[in-house]
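Starting off with a structure, shown below.
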Amino acid sequence: MSESAYTTGRLARWLGCECCGDDTTPIARVATLRDAGPNDIAFCASDGYREALAHTQAGAVLLRASDRGYCPGVALVGANPYLAFAHVADWLHPEPASPPGIHNTAVVADDAIVDPSASVGPHAVIEAGAWVGALARIDAGAFIGRQAQVGDGGRLHPRAVLAARCELGAHSILHAGAVVGADGFGLARDGDRWHKVPQLGRVVIGEDAEIGANATVDRGALEDTVIEDGVKLDDQVHIAHNVRIGAHTVMAGAMVVAGSTSIGRGCQIGGNGAINGHITIADGVVLNGMTGVTKSIKEPGHYASPIPAHEVSEWRRNTARFLRLDNLYRRLQRLERAVRGTGQPSID
Amino acid sequence: MSESAYTTGRLARWLGCECCGDDTTPIARVATLRDAGPNDIAFCASDGYREALAHTQAGAVLLRASDRGYCPGVALVGANPYLAFAHVADWLHPEPASPPGIHNTAVVADDAIVDPSASVGPHAVIEAGAWVGALARIDAGAFIGRQAQVGDGGRLHPRAVLAARCELGAHSILHAGAVVGADGFGLARDGDRWHKVPQLGRVVIGEDAEIGANATVDRGALEDTVIEDGVKLDDQVHIAHNVRIGAHTVMAGAMVVAGSTSIGRGCQIGGNGAINGHITIADGVVLNGMTGVTKSIKEPGHYASPIPAHEVSEWRRNTARFLRLDNLYRRLQRLERAVRGTGQPSID
Amino acid sequence: MSESAYTTGRLARWLGCECCGDDTTPIARVATLRDAGPNDIAFCASDGYREALAHTQAGAVLLRASDRGYCPGVALVGANPYLAFAHVADWLHPEPASPPGIHNTAVVADDAIVDPSASVGPHAVIEAGAWVGALARIDAGAFIGRQAQVGDGGRLHPRAVLAARCELGAHSILHAGAVVGADGFGLARDGDRWHKVPQLGRVVIGEDAEIGANATVDRGALEDTVIEDGVKLDDQVHIAHNVRIGAHTVMAGAMVVAGSTSIGRGCQIGGNGAINGHITIADGVVLNGMTGVTKSIKEPGHYASPIPAHEVSEWRRNTARFLRLDNLYRRLQRLERAVRGTGQPSID
């Protein structure tokens, strides 16, 4: 399909948007409001970009009805411009296809089953009994352990590891360097030593999920670690053994979840925090970045814990007080009693 | 050995447990109390599982004498049921053996020494002068740099890296994607630039240690980074140059230790915290997850620092007060003086 | 050049130092003050090492004029002994050269351009349209995506990934397992699901930069993620999409920067903290380890936020008070009013 096949009118029709303006404008690329030219389409999804919208040179802009008046050119009006933009970007900028078949440097076990439509890149390794579905894409140097399964359209980016017996659902993605199915951190005390406890469970990842670059999801001890459909984990996230993450929960970079914790559906979890082991997080919980969760959260809601950065000399004074905060409280309490004793009204 | 070779009586004898009940029950698998069937063995190591114990269908349960009365079936009674369980799991579920020898796609330098009993997987690379001991297992795509050493029974999981001159002790494990021996973060100021300082030391890892998936342990600047026997580091842990970690210390996921710090033996360190550089942590220290250690800890004990997650509007108010905590303290102090001035007794 | 080619006199001349003592002492190695012998050179860059300096057996010591009097042997006196030491270490301990050319197990696309002086190791993969400059070194199992570029003298350590279209500047380094150019974490809400937003930008890394082992730098959504010249990122750092990091900024292990944030030049950022998305950090900002930055920092300066570790029973009491800190403040305020009501002077 030539580039001119995409016009504002056709895009509007496919997206279910209203096209306000010339519906024959050819669209070739997506771009930002600031960089877009006359054959580019941009989006505006929040009030903060109205200034940029007013000055854009874009051939068309995806926007909400409430921003229509600020758009100098063709507007494609819909309820969710950012989602519409994602679809247009998929159509205009498809990833280069990977040829089906197995690269001659890949090592694939005789009894592994690889769909003929799948693409297996150079130096990939697929062990005995593994199964790779239709149109799956296994990039250079990726590793699929014995009896592991990759669903239709699944993808392992370069150097990703899906260890023995683990499952990656249809259309799910392991980004480069991700490791799914390493042993959970199970140790039994043996005097002053620790004895490794065999980790016999699997990791089971649903459909349409993503595991970020260099993230780690450990296999369960006896039962499985479960990542449900549509879960999106950013780079460097670490999920310990026997964790369950509910469908469509998203987790930003370097978040850590300790073992046997169960996280609900539709949660939004900021980066570089930690969730304690053996607890439960309700559906629909939102956590700020760097939040530490020590106890179960039973109600959906928005939670946080980090102390914000401040100037270091103040920080030194404030943390020094923090280390005596209980003492400070007790002094306040004594003062309250003393003042009450002088006839002041009681205070809570 | 057929599955029926394992009976409750034999397991009890090998483990040094007392077998209470039928000692001829055949045992084929390990399982949880909840999932176990009549040929499975489960364990109960804490009071919290007594309910599950009372309802288990397990053929046998490893437990403490104090839980004996709650077990509906055969009980194998011993002092450390979880350790006993780890042993039984090792016996019943050994990892599939890897054939000795070097895969024909592996690249092994002519002067590298690889014991004939070792297994070297597809696309592994072993550089000049490296040494790999008896029964070691080097998985697909693992890398062993020049003059590095892997002790007898050592293991590199897929894509693990043991860089030049580093040593991995006998029976120690690098999980998938772990990088041992990258350069330490040594930089010398050069005006407004930073000049890389060559990192000439090694990483030396003792016996029976484990380095988690995608973890990093940097080589020393001049002296070595040292991980002593039996240390267990979880996934994504980062150990900077010249750190020393004492024997049998364990560290949970994504913990970070800055350069030249020395950590004692037998410590238990939670995940996603950080330990400052150039300090000392005593033997037997326990740290909660997300704990930040800024100064040396000289006494064994249990330490912590994270603020727990709470509802975000309260968090906003509380952190706003925290940023003025020293001021709050001074106001309290002034009030104390004022109240004392009215005749109240002095307070500490 | 034989080892004896390096003498104290020559080193002093090359470094622009003053040689105090015998300028014919042959120097063969660098070492610490404590370990150095008569043919070794050590350095002393801070007062804390004067005791070690006084007892060193080193053949020569690089030091500041103010430490000259404590040195028992030959002193090479200059303004920046640590930088001088880095240069000497480069000269005395050059990394073993890698032979130019492409290893026969590497897979290089026909239309990729690899300078004949570059070294490409076993099982490396270089995709179509990629470009690798003079004297670059691509280690075992490294991956260079289509149309990606590695500048002259650039280096990918084993298993490093430079994804499609990304650029690594001259003399810059990706350490083992680093992933540059994975998709940014861009998601558009689609009811209760998340739709992946194509990540079309690149990562552009300047000259003389370093990206640590298992670190991740994500490609931009539409525009590029930019790492300027001389930036040094330690292991496990995570940089999200569309971030810009100014020249000569350094960042310690496991630091996390969220999307679209702009960090100035010459910043020094501690490990395992997090910087929020869509904010700006001024030039010359210093952050302690484990610091969480929630808002833009407009002034150069030194900032921090972590609560230091303390004994766990105190920590429990202090954090319990923290969770009621706003309440504590209000009680103080009421007391102030009450005490003022008794005739005390007003307090701020």
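Of note:
Each chain carries a letter (A, B and C) given by its place in the written order, and its residues are counted from 1.
Quick note on the criterion: contacts are C-beta pairs under 8 Å (C-beta built on N, C-alpha and C of every residue); 3 or more make two chains touch, one makes a residue touch a chain.
Since the structure is predicted, the reported quantities are computational estimates derived from the model, not experimental observations.
Taken chain by chain, the contacts link every pair, so each chain touches all the others.
Overlaying subunit B on subunit C by C-alpha atoms takes a rotation of 120 degrees, rounded in steps of 5.
Copies subunit A and subunit C of the same chain sequence form an interface built mainly from non-equivalent positions, shared numbers / all numbers used being under half.
Averaging C-alpha coordinates per chain places the centre of subunit A 25 Å away from that of subunit C. Residues of subunit C in contact with at least two other chains: 105, 123, 141, 159, 177, 214, 236, 254, 272, 306-308, 310, 322, 325, 328, 332, 335, 339, 342.
Of all the residues in subunit B, the ones that touch subunit A in their complex are 30-32, 35, 80, 82-83, 85-87, 89-90, 93, 95-96, 103, 105, 121-123, 140-141, 157-159, 175-177, 208, 210, 212-214, 230, 232, 234-236, 248, 250, 252-254, 265-266, 271-272, 289-290, 306-312, 315-316, 319, 322-326, 328-329, 332, 335-336, 339, 342, 344-345, 347-348. Only residues 105, 107, 123, 125, 141, 143, 145-146, 159, 161, 163, 177, 179, 182-183, 185-190, 192-198, 200, 214-216, 218, 222-223, 236, 238, 240, 254, 256, 258, 272-274, 276, 286-288, 291-295, 297, 301-308, 310, 314, 317-318, 320-322, 325, 328, 331-332, 334-335, 338-339, 341-342 of subunit B touch subunit C when the two sit together in their complex.
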